[in-house]
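Both complexes shown next keep chain A, but they swap its partner, so chain B is in the first and chain C is in the second.
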Partner chain A sequence: MTEPAVEPGGGETRRRVRRGAGRRRARRRFAVVLTFVLPALVLYTMFIVYPLISSLQYSLFSWDGLRQGDFAGLSNFVDLFTKYPLSERIPRALAHNLIFFAGTMVIQTTAGLLFAVLLHRSRRGKRFLQTAYILPHLVSPIVAGYLWSMMLNPQFGAVNAALKGVGLGALAQPWRGDPHLALPVAILVNSWQWVGFPMLLFAAALAGIPEEYHEAARVDGASAWQTFRRVTFPLLTPVLGIVTVLTFIGNFNILDLIYAMQGSQGNPTFSTDVLGLLFYRTAFDNPDPNAIGQSSALAVLMFVLIFGVSIGATRFFRRMEARLK
Partner chain B sequence: MSTSVLEKPSMMAPPPRPRRRRPRRGAVASTALLWLYAVAALAPLVLMAVGSLRTEQQLADQPIGIPLHPVFENYAKAWSDGGFSSYFVNSIVVTVSSVVLGTGVAVLAAYPLARYGFRLRGMLTAYFLAGLMLPIRLGIKPVFFLLNSIGLIDTKLGLICVYAASGVPFGVFVLAAFFRALPMELEEAARIDGAGELRIFAQIMVPLVRPALTTVALFQFIPLWNDFFFPLILVEEDKYTLPVGLTRFVTEFEAAHAELYAGLVITTIPLVLLFLLATKQIIAGLTAGITK
Partner chain C sequence: MRKFCMVITALSVVAAASACAPNTSSSGGKITLTVLSWRPEDTAGYKTIFAPFEKSHPKVKVNFKPIKNTEYLTVLPTELQKSSGGPDVVQLKPYGPIQSLISGGNLAPLDGQVDVSKWDPNVLQAAKGKQDGKLYGVPYALQTLQVLYNKKIFAAQGLQPPTTWADFMAACDKLKKAGITPLATSGLQPWVLAIDHQIFGATRYGGDDFAKAAVAGKKNFTDPDYTASLDVTAKLKPYYPDKVTAFDYPDAQTLFTSGKAAMYPGGSYEVGPFTKTNPDLQIGFFDAPPAPGAKIDHALTSGYVDGSYGVNANSEHKPEAIELAKWMATPEFGQLYANTLKQISAVPGITPGDPLLAQSLQNYKTHGATYMMVVDFGYGNPLGRDQEGGALQKMLGGTSAADAGKLVQKGISAWFKPSGG
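Let's turn to the complex of A and B:
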């Protein structure tokens, strides 16, 4: 405890005696630190941090093709909401992202929590079940997208064939082609892929709750549901917070799955268009000469949204956690 | 012994056995639900594997069916005509190099951040960890111009640099936590014995965090293997990796479903093998930060 844990090479007194040697050693240590940290620092700064900062800078200028023009202030940002077609596409894509997030929270997070709780109690086949649930998560979203596209094909897809096979042929649908169904279907496919992740996080948290708590609740005569509602669930709040934030980040970055299922336009008729796809198109498939200015402004906007909401939500859940203690 | 990575054997261990009771209706229902969903989770993957062994005609006649006489032509065709041999090799080269480079620089950086006292340490650590939340795809346009200006556009090396950099935050996060947990006496003893800083790092510290290194490497491998966005924009077709190769294949051979199934399997198999070999490390990595 009294040892200054991070200082290699002994305590205060010894150092004062050998001040010269200590200083030499400190200098050498600094050189070591520098050599060790530098490669990661350069790589990370150059390829991750610098591009993100550049996006901010790009967004404040007007562009003519690849030529950077005058300082434009916030006019690129204003364009995003006033200039057709972006003014129509951005609110629509944002709305789809929000629906996607809400749908995922309702379906995937609830299912993940349910599976974790049930698995926690079950005894047999636990390892196998866990593995089965997590396996789709490993698959590339591109693979999942194409796989489900084939399965949902109205003529020769497995889903409609299975429905007909069990006498529910009336429920067969053009799952990806119907503008009203396309987005919910994408949410379900995404949940199929991701449900194992919240399940694992909840499972890890459940394993950390002392059995005595449940024992005590049982002794006091609480039903299983009451025990869950009053004891287990409040203890899961921190994990629920993490899951919410990660789901939000994941959903607002979504691109691959929808690209594979519905193309870069978010077919049919933009009914599955999301901000990730729109950003891609604004940056690389945009006839406007100011494509760089517009796409950078959109990038900054998405960045602020994702980062801001993540931090806000983390704070909110911390406060909830504190109140529960 | 050292199989459990994040010191969390409790997660896989069964809960303390409740007193003997007859299975109640609730328990039966919950078991049924769990197994039913397991079928739903696995069925599409099974269908994918099965579909790759059937002919185009069989797929059209009967979407769901058992390949009594499995055919392997789909794989042969996808591999040679479909371009998957080249995509596969690119994927291996790019992913493995990125993981080695990313994990390598992360373990170097994590060590002093965790175990040396120096000014700026807190700031540097926070700087690296901020990357855990950064949506890095949003910087794609500047990345493109950057690689263009240093001559790395349309090269595997350029892609590898971006990928390796993207793995640094998670690597530093996990490895620093592990380095911090090692007892201080270890290196003091080594120092008294006259070992230099590099030797202490390479021969004492790194071997002790090897399980964490596995987790970090796996955790860079999976998303990089699966990524399609960066190759789509940063390289031309001859350097495409598997996921972006798939999108290319689909636009070119729209109706070749059986071959596409084979391509999906080729893309997925390495990850499934990896997962079955290292289930524990992967689960530990997914839940890193939840349990201490």
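Let's turn to the complex of A and C:
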């Protein structure tokens, strides 16, 4: 719907009519655009913008239960780092989020890339395997969490039973109960569930790389590994950037899977406590009258952290991408 | 096109408006009182319980509205904040967790309106404001803590409920040799471990005498008697299920109800669900005998109030809601509640129909103690129960009792101010 240019030399009346028609058309176009944008905008404002702004506002006040008290400035934020037990739990939860992210990048992203490359080359069973890897996506993280906690159960669980069945009973572990194992196990279960996502993105990117590049590399005598390292992988950088940022956002917001596997306290002894769980407990399971103030401050901090890092990382990867060209 | 635009616009406005529309609660001259609860499993029971009230109050209909228990704590504050259309009567957690609702002015005080003159002050404490001392709820149930045992297994092994710690240890050893898990419990959930400690350790730390001294600031949780009581609980590890730290609460329940474990330290609230899961299960109760070095030379049945029913300060039918709260403090409600839901009613003078519960109530009356970490130290973050349970988890992993005691002290002293200091 582009505006036709007004021809020169047209009569005054004709021009006025046409201008009027143009204005009408512009108005109509605006109405159409608004129609398509409005439903999403209303929902977005209601469920994203409004809660964000109100939690920022809540975090700046002191609270007495559900009653908003005086303006408190930054004291809720200071409390997060100075008041026991929060002062101990926040750094610990943050560290667990970082470990979770690092572990997921190493395991889930690497496995996703590996699967994508192998599937890209394979001729048979490609569709089937692709679907199989994606399948855990269809399960809610809560269900996946409960499912795995049953399989990892020390008494009735399938994992230890299978280990005993093949004579590896000595390797049977209290998977969810050992403070050193619980977090790595949660990372593995999370990776099991989401490995299909990076795989799909990498697969799409691989399909977009022209075969000529690989041929040229082969002609130049590059080995398979060299071709991958020098040709394929650099061309995957934009996707790697997207995967990294999305994994970061997902991992720093994680709550459901760990809640289902280890409870709201991040058992045992907070060894799987993450910021999401800590926020949940601070907000809803906290006898402190200032629970709303503290939890809102924590939510704001989490938002700033996730938003800031995501922006920074996106810029970084865009610069890497530019260097490719 | 224009029509389409208008429809979409209208729909989005409706969607936005309906999100904040109140739900009306009176129709046809009849007032509907909404009772908010975290017990969906009791819905049919409450229908029976409220029937006589609806009969004697023909203008009132009681609508029992249960919320999934894991979501209740997030739903309750939202419901109480509604300026209209919120619930009238709400189920409340006992002791600490209601304090912020009280100080926030979300609950109506009930002093002088509900007759609680014959009630035990210890029971009423569960629904009182810590600061203003006013009553904000009518307690509905008491829970007692003791060891549940499988009568069939005990008979098959030729065992009697132990009366001394030596007998108890001998029974545990015998069961273990027979390939039966002696004690089913969860080492993964701190609150379960805290209950174990109250059951096995209360005699060792000194029961209510210690609790009073700790409240007054004369003793704290690094006290050798208290740390020794933690040790009593942690030393039972060989008799707990294998890899107990990974054992979840439902796992422990299943182990006992499936007849694979002989004993289960737990609350009276377990009896109903356990017999429902396995109707053939014959459950008996006994109190843990005094532990070695115990400060109290007889067994203790620990108890606490399960919760109360309070009136929403924003209720649109406050007089009727208070009328219902009043009725919930009468023997009529107490008896109906005890019989229908198989619980120990908090109303004085009511005997539970279930013989086991009747026995445990009797035990509590003759040699009771309060569940210290909930009743006395459940008023701040971290809750005493959670901090103690976390310390016990660490002990199961090898931390010393002295260090565990320091951890408990550190958590509680973060918010607790001694009353006598």
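Just so we're on the same page, the second predicted complex is superposed on the first by the 293 of 325 C-alpha atoms of A that agree within 3 Å, B and C clash if a C-alpha of one lies under 4 Å from a C-alpha of the other, contacts with A are read in each partner's own complex, and residues count from 1 in each chain.
Keep this in mind: a residue touches a chain if its C-beta (ideal position, glycine included) is under 8 Å from a C-beta of that chain, and two chains touch if they have at least 3 such contacts.
Just so we're clear, the structure is a prediction, and the values are computed from it rather than from any experiment.
Of the two partner chains, chain B is the only one that A:L255 touches; chain C does not reach it.
By the touch criterion stated above, A:P179 is placed in contact with chain C alone, chain B being left untouched.
Set against each other, chain B and chain C differ in how many residues of chain A they touch, and the higher count belongs to B. Looking at the shared chain after the overlay, A:G221 reaches neither chain B nor chain C. By the touch criterion defined above, A:Q265 reaches chain C but does not reach chain B. In the superposition on chain A, A:F284 contacts both chain B and chain C. Of the two partner chains placed around the shared chain by superposition, neither chain B nor chain C is touched by A:G167.
Of the two partner chains, chain C is the only one touched by A:K83; chain B is not. Once the two complexes are laid over each other on the shared chain, residue contacts for A:P210 go to neither chain B nor chain C. Once chain A of one complex is fitted onto chain A of the other, the partner contacts of A:P154 are limited to chain C, with no touch recorded for chain B.
According to the touch criterion, the shared surface of chain A, contacted by chain B in one complex and chain C in the other, consists of residues 28, 32, 39, 43, 46, 156, 283-284. Those residues of chain B that touch chain A in the shared complex are 8, 10-17, 26-27, 30-31, 33-35, 37-38, 40-42, 44-45, 47-48, 51, 59-60, 62-64, 101-102, 104-106, 108-109, 111-113, 115-118, 124, 128, 131, 133-143, 145-146, 161-162, 164-166, 168-169, 172, 184, 187-188, 191, 197-198, 201, 222, 225-229, 233, 242-244, 246-247, 250, 257, 260-261, 264, 267-268, 271-272, 275, 279, 282-283, 286-287, 289-291. Residues 1-2, 4-5, 8-9, 11-13, 15-16, 19, 73-74, 77, 80-81, 96-97, 99-106, 187-190, 241-248, 251, 254-255, 378-383, 386, 390, 393-394, 397, 410-411, 414-415 of chain C are the ones that touch chain A when the two sit in their complex.
Taken in their complex, chain A has these residues touching chain C: 28, 31-32, 34-35, 38-39, 42-43, 46, 63-67, 83-85, 149, 152-156, 173-179, 262-263, 265, 267-270, 283-289, 291. In the complex of the two chains, the chain A residues touching chain B come out as 3-10, 28-30, 32-33, 36-37, 39-41, 43-44, 46-52, 54-55, 58, 111, 115, 118-136, 138-143, 146-148, 150-151, 156-158, 160-162, 165, 192, 195-197, 200-201, 203-205, 207-208, 211, 224, 239, 242, 249, 252-253, 255-256, 259-260, 276, 279-280, 283-284, 292, 295-296, 299-300, 302-303, 306-307, 310.
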